[in-house]
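A, B and C label the chains in the order they appear, each numbered from 1.
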Amino acid sequence: MNLSRLRRVALALAFVSVLVAAAATASVRSSKAVTLTFWQTMNTEETATLKALVDKFEASHSGIKVNMVYVPFDQRDAKFTAAAQAGQAPDVMRAEIADVASWAAQGFLADLTKKVSGADKADYLPSAFAYDNFNGKIWGIPQVTDAPALLYNKKMFKAAGLKNPPTTMAQLASACAKFGKGKGLFIRGDSYFIQPWIWAYGGDLLNYAKKQILIANKGSVAGLTAYVKLFHSKCAFPDKDFSNDYGNMQTAFKNGQVAMIVNGPWSTADVLSGPAFKSSSNLGVAPVPKGPAGQGSPVGGHSWVIGRNSSNVDEAYTFIQWLSQAAQQAQFAAKNNLLPTRKSAYKDPDVRRNRIIVDFLTQMKVARARPVTPQGGQIYADFGPNMQKALNGSSSPQAALDATAKAWQSKLFPGFKIVH
Amino acid sequence: MRRRLRRGYAQWWFAYAMLVPVAIVMGLLVFYPLVRGILFSFTDANQYSIGNKFQPSSYNYIGLRNFRDILRSDEFRRVAGFTAVWTIVNVFFHFTIGLVLALALNRTLRFRGTYRMLLMVPWAVPSFISAFAWRFIFNNPYGFLDQLLQSIGWHDPPAFLGDPVWAKVSVIMTNVWLGVPFMMVALLGGLQAIDQDLLDAAEADGANAWQRFWNVTLPGLRPVAATVVLLGLIWTFNMFNVIYLITGGGPADATQIFATFAYQDAFVFKLYGQASAYGVIILSMLLVFGGFYRWAIARMGEETWA
Amino acid sequence: MTVADPRAVPTARAQPRKRRRRGRSRPMSFLLHLSLLGAVVIAIFPVFWIAINSFKNYNDIVNHTTLSILPQDWTLSNYRHVLGAENHVFLTWLWNSVAIALMTTAVGVFLAATAGYALSRYRFPGYRAALNSFLVTQMFPAAILLVPIYNIVVHLGLLNTKTALVLAYSTVAVPFCVWMLKGYFDTIPISLEEAGRIDGLSPFGTFWRIVVPLSLPGLAVTCFYTFITAWNEVAFANIILIQNNSYTLPVGLRTYVFQFQQDWQYLTAGAVLVTIPAVIVFLLAQRYLVSGLTRGGVKG
């Protein structure tokens, strides 16, 4: 090897080693940056707020990037469990409260018991935080809590001569009658939204502690009967298409075609975008009326959970803990009228001044919690079709609820006793 | 003997070689899942017991209990009833409307090519798009049909997707709309393959249009018709998209057919054992039916399937 | 039934005999055209309805209690939103659908043609079983196979990949195509291949150089059917694709309309965009559909 060749070889080696060094330092630098996969199921209005918060988080936490993916709400269970079984669950997921126990029971969630600080535990609303505890461990932190309430159009009320919203079921029927044909109340064919009537007439769904199925007892039947009667009354908006009736209900209410609906805080941003609610003070929020034997509305909400196979559990927890801080929850409250899940957030002046939130809080005071069980989310799958049969007359309320009770017993809660 | 085997192998190696790719793909994706599905049908597996990466499986073998429960249940009878109605009514209309259109298109006609192309549009449009389109059209009160009926004076139009009977009519209407083009095209080709000489001879013998149709055209169509009707029956029986996307099986399970009902068992209730049992039942029914159908066709003296 | 010239591609017009043209009376003609027009209107209306609504604003679509067909204000904002949303994710969905459909067509046609040829030309042991198994696999409701196939896909590490879908769709489309192509190959006289063998071609050579060019209508139908099957499929794609930017078009469009959100305006715009490629493929293949379906295939 002559000298020039040697020089060339040396130069080449030097060049290569510089490249390698650069690559090595680059990879060392990039290995510090973590990217979190984040699946979220919020509606359009809430997603806008969320995106702004995610940007803010990334700006203040260099080294953590968040890849936010939208998953339609009704596919969240199928998609999450499919991914989790393959070990490809996202790092962070927005779970409906019933999902937490179900996914934890299948082993898909990361255990957060050691991560949640004592201060946080004390600050979370107990009713919301209860859903994140299963089998003695903590599997998530609460994001939002809600319950459906009676939403009404104040202008239409004034025109019909009504000063205040109805507070009892009897008042609800008479108020509805004051509006024209089909303009009073929108009754949906959805079993989640019928629960206030079940509770109003003395019925219930389950007593988990006593292992009892109560959906077919006298009170529940009375509740369903009253609901069916309202559905067929002249003042009820004709709801002919149950699978599309959520959209139809929102459209009708937004356009001022119906005076009262039952819906939750998540829908208020959509409602306020409608022509009848250009002035937000026109939207009235009142607790669902009480019946002869009780009152109630189902507590719902969402939690942040972390996938079991996540390789970035620490960063993921940092992210969700940040999202659930009072300042961030106050943003959702201000922009989307969502109820925070921390006691400290309710001290925020913006939250305190938000009339819609204050009104929903009145509903939350008489809301009823659902049992924390893996099968909690599946009870509506059988309840819904049976209830629809009662609504369209192909089954009596008693028969419909009996069928529901039997289905729950055979599919979800074997060993429970059906109480009549 | 060995020489015959060796010759046999030498003759057929090419055939087997051509079949190997298909055999691998189908074996992996059809027969293996089928076997697993059959095994699952004898268990009580659900989402909590099926086991995954993070926890072992914990389901039990329960023998024929799934099958007993399914075959005894009211739901099974109801779903079976509508599946039969759905299949037969759909194929009936597919065939008759397809035949009428094929007959109309089998003549010299101005714009014939244009008519034929436009009539095939339902086949070209993706079925999930058509399903959404029809779902939108059937909406009360904001859909086209409701508003059309209201504008001509019918102020309380039926609940196309909400009433149990109307929902059945609506999904059948949509599937007929979807399926006619295929039948029309197949029957058109069959009509064109009918020997014109026979028709000329019949006319010379004094047969009128109806007699020619009944005695020459229909028998001539039989091979094509037999095949497309069998295909149509199988495809309609298993047609999942239309019902799932328009009514989801509702209202209150009124429009469930076996395919959608089994899907719901697997993906909503996560009762994998039961859903697999449904699958086995569906497959057995189709096999029995397919065997019977072919026997009937063979009896009629037409081509065998070889 | 003799086949005069295997090269002739029978279209609807080519007919060896003079078509008898009975003088059709004027009213009959009018009636015929009227009924065909009626059928065409029914066939086209839903597509037209989707298209016309894609140019309307959301309020214009849902707020009417009276019939309104034409938009109050024509707008392209729906298209802009669909194409631009989330960093043009729609284009990614489009690319995914195209790639999967094309790959499925290639794989499916290859599998169907080879298998169909083998079944047509060779009466080997196991012939009957193979033929029957293709018929039987057509009978499976795909919905039942979803869970087992999902498990296999996971085991192979193919979740969220295009490969998984290409394989799944080929499985669904191939049986019908094999059946059809076999019938089509049956109508091609063996004498042509024997001539080829005498000229020194291998078995594969006769297949590739003689049989395939003569089978273009049948192959066109196979391509069309496989492409459309892959393009339209929802159930498998929904289960196997779990990341937003691996979605195909049907799965992506479903995010616009589901129980709690009914963005009909985006759905209609997306639907129009999705239908256009399907219709293009259809127009390319439609010339062959009539002959390809019936000349060999559908007769068994």
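As a convention for this text, a residue touches a chain if its C-beta (ideal position, glycine included) is under 8 Å from a C-beta of that chain, and two chains touch if they have at least 3 such contacts.
Everything numeric here is computed off the predicted structure, so don't read it as measured data.
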Report summary line: Dominant interface by pair count is B-C
Report task. Determine, using the mean of C-alpha atoms as each chain's centre, which chain is farthest from subunit B. Result -> A
Query raised in the report: Taking each chain's centre as the mean position of its Cα atoms, how many Å separate subunit A from subunit C?
Result: 40
Query raised in the report: Just how far, in Å, is the C-alpha centre of subunit C from the one of subunit B?
Result: 16
Report task. Please set out, as single numbers or ranges, the residues of subunit A touching at least two other chains. Result -> 78, 85-86, 243-244, 251
Report task. Going through subunit B residue by residue, note those that touch at least 2 other chains and give them in order. Result -> 141-142, 267
Report task. Could you check subunit C for residues that touch two or more other chains and list them? Result -> 62-63, 65, 254
Report task. Sort out for me which residues of subunit C touch subunit A in the complex. Result -> 59, 62-63, 65, 86, 150, 154, 159-160, 238-239, 242-244, 254-255, 258-263
Report summary line: Given the complex, residues on subunit B that touch subunit A span 47-48, 52-55, 135, 138-142, 156, 158-164, 247-248, 250-253, 267-269, 271
Query raised in the report: Can you name the residues of subunit A that touch subunit B in the complex?
Result: 78, 81, 84-87, 102, 105-108, 189, 238-244, 248, 251, 308-309, 374, 378, 381, 385-386, 388-389, 392, 394, 411
Requested in this report: Within their complex, state which residues of subunit C touch subunit B.
Outcome: 1, 10, 12, 15, 17, 19-21, 24, 32-33, 35-36, 39-40, 42-44, 46-47, 49-50, 53, 61-68, 110-112, 114-115, 117-119, 121-122, 124-125, 127-128, 130-131, 133, 135-149, 151-152, 167-168, 170-171, 174, 176, 178, 203-204, 228, 231-232, 234-235, 250, 253-254, 257, 264, 267-268, 271, 274-275, 278-279, 281-283, 286, 289-291, 293-295, 298-300
Query raised in the report: What part of subunit B is in contact with subunit C in the complex they form?
Result: 8, 11-12, 14-16, 18-19, 21-22, 25-26, 28-30, 32-34, 36-37, 40, 101, 104-105, 107-109, 112-113, 115-130, 132-134, 136-137, 141-142, 144, 147-148, 150-151, 177, 180-181, 185-186, 188-190, 192-193, 195-197, 199-200, 223-224, 227-228, 231, 234, 237-238, 240-241, 244-245, 258-260, 262-263, 266-267, 272, 275-276, 278-279, 282-283, 286-287, 290, 303, 305-306
